[in-house]
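Got some structures for you, see below.
The same chain A turns up in both complexes below, where it pairs with chain B and then with chain C.
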Partner chain A sequence: MKMSKQVALGLWLPLLTVTGWEVCSGFGILDPLFFPAPSRLAASAWRLTGTGELGRQAGATVTRMGIGFFCGAVAGLLLGALMGASRRVGRSLEPSLSALYSAPKLSLLPMVMLLAGVGESSRLLLVAAAAFVLVAFHALDGIRGVDRSWVELASHHGAGRWMILRKVFLPACMPQLFTGLRLAAGRALVVTISIELINAPDGLGSMILMSWQTFATEKLYIGVILTAALGAILHAVMRRIELKLVPWRN
Partner chain B sequence: MLRRKALTVLAVTAAGCSRWKEEDEQLIRVGVAPYLSMSSLHLGWERGYFREAGLGVDLVASPNSTEAIPLLAGGKLDVAFFSPGPALFNAVLRGARVAVVAGRERLTPDCGTVGDIYTRREAFPNGLAGFEQLRGKKLAITHKTTVSAFFLDEILRHAGLRTTDVEVVLLRRAEALAALLGGRIDATLSDGHFDKDPARGDPRVIAVKGAIRVLPGFQYSHIMFGSALLDGDPRRGTAFLTAYHRAAEAFQNGATPKFMDDFALSNNLDPKHTREACRTTFSPDGAIDETSLQRFINWSVEKGFCPQAVDLKRLIDRRFLPAGAWAGAAPRGTL
Partner chain C sequence: MRLSCTGLGAGFESNGGRVLALRQLNLRTREREFLSIVGPSGCGKTTLLRILAGLLKPSDGEVERIGGDGECVRMVRQENSLFPWMTVLENAAFGLEMEGFGKAEREARALALLAKFGVTGRERAYPHELSLGMKQRVALCRCFLSNPELMLMDEPFAALDAQSRASLQQELLALWQEAPKSVVFVTHDVEEAILMSDRVLVLSAQPGTVIGEFGVGFSRPRTQETTVDPEFIQIKRDIWRLLGMETRDVAHAV
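Take a look at the complex of A and B:
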C-alpha cells in the first residue's frame, strides 16, 4: 500500500473526531469552557509555538524520555542476552524481573528519590526502569525462541560461535527484540509524562498539570494532543526503523 | 380487581420515583478533602443539621481544589471547601458560575500548621531563627500555584530574598516528607495540616512557624458555590451556610464528630490527641477577608498564572451569608 494511502487510512478517525468536535462546539452542544473548539486550540497552539513554549516543553519530554529509554534499553538488552545465554542466570533473575515488571514504577518514586536525589536523575532512573524490563524480557524471549536445529545446522556446516551469533541468533531474535523496543518506547513515554505530572519543572506532563492548576483548558488539550501525537510519531518511527533493519519480519 | 391492583402498584411506583427524583434534585453535593479541617462539616452532617434545615447533603470525596474547581464549574459539585487559587480566579474570569460565598480558615499564631516550615535538623543545627537562613537551601513545595508557593514567596520577600536565592523543588507531600527525612531537601512548606504525617514528632525534623510570621490572620480557605446554588433559590444556599455555621460553632465549642476518631484510627494517630487539637483556625461567622483574597489574586497575576486580576465583586457572592457575618474587613490587628 502506498504511503499516502496508509496515512489517509490512519487519519480518518482523528479527522472525524475533530470535525464532530468543531461542529458540536459551533452549535453550542459542548461547553467551550471545558471543550474549546479545535479551531481555538489550533490558534492557541500556534501562539504557544510562536513563543517557543510548546517546543521547549515537548523538547524536555523527548529528551527525558530519550535518555531514559536509551539507558534502559541498552541495559535491558545486555541483561536479556545474558539471561538467554546462561540458563542459570536466566532462572535466577527471571522472578525478580517479573516482579519489577508488575511493580507500578511511580510508587517507587519516594525510594528512588532517596537513592538518586530529587532532581533529574530519579526521573531518568524510573523511565529507564520502565524500558529496561520490557527490553530484557523480549531479548530473553527472542533468544529462547531461536530454533536449536538452525544452530546445529550452522555448526554442522563449520560456523564458529561468532558466525552463529551474527548469522543465526541476531536475525532470529531481531523481530522479537524490535517488538520489545517498540513497546518499551511507548511505555517510556507514558512513564515520562506520568512523572512530569507529579514532579518535574518542565515537560508536557508538567504543562498539562500547570494548565489544570490554572484552569487553562486550551493549553491542557494542546498538551494532551501533543502527547498523543508524540506517541503516534514514536510508534511510526520505530516501525520504519524496524522495516529497514528487519525486512524479513514482514 | 387484578387491573386495579396493577394500577395501584404502578401509581405507587410512579409516586416513589417522582419523590426520589425530587429528593435527588434537592441533594447538595459537597466536595470534601480527607483532612481534619473538614471536621466541622462532618459534625454538621453527623448531627443532622443539614437535614433539619431541609437539605439533603452528599459528601463527595475530592482530593484537592485543582480537581474540585472544574467539577464545581461544570455543575458536578454544588459546594467546595478549599483554598482559592489561580484555577478559581481563571474560571471566574472565563465566565464560570462559581463564587466564594464564605470564609473558613485563617492563619493563627497558636493553632494549625498551614504555612509552617519543616526543616531538617542537620541543615539548621541551631534552628531557623530568621528566614534569611533559607538562602541557598533546597526547599520543597507541592506546586507552583498552591498556597504554599504563595507563602514561600511572601516569606522570602519578607527576608529580603528572591525565589532564585533558594532551590525550589516540586514534590507531593509524601515525597517531600521522604526527601526531608532522607536528607535530600533541607525544608518543606506545609500547605495543609500535617495531621497525617509522622514528621511532627520526628527528632530529625524541626517545625518552625512560617507564613503566620509574615501574614498574620491571612485567610486561606473558603467555601465556594457552583451554579445550582448560585442561580437557584437563594434560601437553599443560606440554609446550607446557616447549618454549616451552626456546626462550625459547635465544633469550636468542643463538639467532636465521629469522623475525627475514624480519621485518627485510619491515619495511625492518637484519637485523644486528635480530639484535643486546637480549633481556632476556623471563622465560624463565615466572614470573607477581601484583603487576603486580593493579595493572593495579585500574586497569581504577578506570577503569570492569571492573565488579569479577577474583580472581587465577580468572585465573591455575599447573598448567602447568614446575618451577623462581617462585611469583609480583616479582623483588627491583622494584615
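Take a look at the complex of A and C:
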C-alpha cells in the first residue's frame, strides 16, 4: 500500500469525529462549557502557542521523557547484554528484574521521592526505570534467542569470536531489541504524563491537571489532544528508525 | 581432498534413551568425485554430513582428510542457508570476507558468479524477498567462491519445486564440470542422486550404515534425457529395491 493511502486510511476516524463535533457544537447540541468546538480549541491553541505556553509545556514533557528514556534504554541495553552474555549473571538478576517489571512504576513515586528528593531527579529516575526494564528484557530475549545454527554457519566459514559477535549476534538480536525500544518509548511517555499528573511543575500532564482544577476546559482538551499526538508521532518516528536499521524484518 | 572414514558411529540422547544415528559406517571419497548419499529419511544423513564437515564429533571412528591442505571444506545446507540480515551480495561474499578479501574484490567476484547463476538485479535484496531457488543459488555461490577442496551439500534442493530443482541441478553440474571438485551430496531423491553423481552410496534406515554402492558411468554433460536411459532406470530400480527392503524392515520392526 502506498504511504499516502495509508495515512488517509488512518485519518478518516479523527476527521469524522472532529467534523461531527464541530457540527454538533454549531447547532448547540453540545454544551460549549464541557465540549468546546474544535474551531474554538484551534483558536485557543493558536493563542497559547503564541504566548509560548504550549511550546514550553510540550517541551518540558518531551525533554523529561527523552532524558529518562535515553538513560533507561542505555542502562537496560548494557544490563540485558551482560545478562545475555553470562548465564550466571542472567540467572541471578532475572527474578529482581521481573519484580521491577511487574511493579506499577507510579506506585514507586512516593518512595523514590523519599530517596531522591521531590525534584526533577526522582521523576527522571522513574521514567528511566520504566524504559530500563523493557529494554533489558528484550535485549536479553534477543541474545538468548539467537539461533545457534547462524553461529555455526559463520564459524564454518572461518569467522572468529569477534566476527561472530559483529556479524551474527548483533544483527540477530536487533529485531527483538527494537521491539523493546519501541515499547519502552511508549511506556516512557505514559509514565512521564502520569507523573506530571501527580507531581510536576510543568509538562502536558501538569497542564491537564491544572486546567481541570481551574475548569479551563479548552486548555484541558488541548493538553489531551497534544499528548495523544505526541504518542502517535513517537510511534511513527520509532517505526521509521526501525525500518532503516532493521531492513530485513518482513 | 579425499575423505576416509572407518567405523563411524554417532548417537544422541533423546527422551532419556540413547538413539544411534550412525553405526559402523565406512566411507571413502575420491579426488574430484561427485558422490551422492541416499537413504530413507531419518537415516542420519545430516548427522553424517555434519561429522564430515567437522561440525560434530563422531562417538566412534574417525574422519581422515587426505591430500590438499585438509582445511577448506564448505557446506551448503537445506534450510537457513543465508543470513537474513545480509543482502544477497553480502551473503554471497561472506566466505571471502572471512578469508580477508577486500570489499571491492570480493564484491566483484561475487557479482560475477551470481550473474552466472542468473541472480542479477537482486544483489541488494534481502533473503526474505527471494524465492527458495534463488536463496540456494546464492548459497551455492558462497560455497564456490571459497574455492573449497571438498563441498558438502545437505539436501540443498529438497525444498524446491520440481522445475526449480531441475534447473538448479543443471546449473550446479555445469559449474562443477568447469572445475571438478570433491563433492559429497546428500539427498533423499534417488533420481537426483544418479543424475548428478559419479557414485551413489545407499544408507540403511537408522542407525545408518552403507548398504549399497553404485557407480554411475554416464558421460557428461547429463540432461533430463539421461534419466530415461534404460541403464539409468535399471540403477534407479536397484536402489529402490535396496531402499524398499529397508523400509519393509522398518515396518516389521514397528
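We adopt the following convention: the second predicted complex is superposed on the first by the 250 of 250 C-alpha atoms of A that agree within 3 Å, B and C clash if a C-alpha of one lies under 4 Å from a C-alpha of the other, contacts with A are read in each partner's own complex, and residues count from 1 in each chain.
One rule holds for everything that comes next: a contact is a pair of C-beta atoms (placed from the backbone, for glycine too) under 8 Å apart; a residue touches a chain by one contact, two chains touch by 3 or more.
Quantities reported herein were computed from a predicted structural model and do not represent experimental measurements.
Colleague: State whether A:M210 touches chain B only (first), chain C only (second), both chains, or neither.
Modeller: first
Colleague: With both complexes overlaid on chain A, does A:M163 touch chain B (first), chain C (second), both or neither?
Modeller: second
Colleague: Which holds for A:F35: it touches chain B only (first), chain C only (second), both, or neither?
Modeller: Neither partner.
Colleague: A:L114 in the overlay: touching chain B, chain C, both, or neither? Say first, second, both or neither.
Modeller: So A:L114 only meets chain B here.
Colleague: After superposition on the shared chain, which partner residues are touched by A:P201: those of chain B (first), chain C (second), both, or neither?
Modeller: So A:P201 only meets chain B here.
Colleague: When the two structures are overlaid on chain A, which partner does A:F70 contact: first (chain B), second (chain C), both, or neither?
Modeller: A:F70: touches no partner chain.
Colleague: Going by the contact rule set out above, which residues of chain A touch chain C in the complex?
Modeller: Per the touch definition, chain A meets chain C at residues 147, 149-150, 152-154, 156-159, 163, 167-168, 171-172, 174, 246-248, 250.
Colleague: Give every residue of chain B touching chain A within the complex, in rising order.
Modeller: Listed in rising order, the residues are 66, 69-70, 73-74, 85-88, 90-91, 94-96, 138, 140, 143-146, 169-172, 174-175, 178-179, 182, 184-185, 305-306.
Colleague: Can you check the complex and tell me which residues of chain A touch chain B?
Modeller: 31, 33-34, 109-111, 113-114, 117-119, 198-201, 209-210, 212-216
Colleague: Quick check: in the complex, which residue numbers of chain C touch chain A?
Modeller: Its residues touching chain A are 53, 55, 74-75, 77, 80-81, 83-86, 94-95, 98-99, 126-129, 142, 146.
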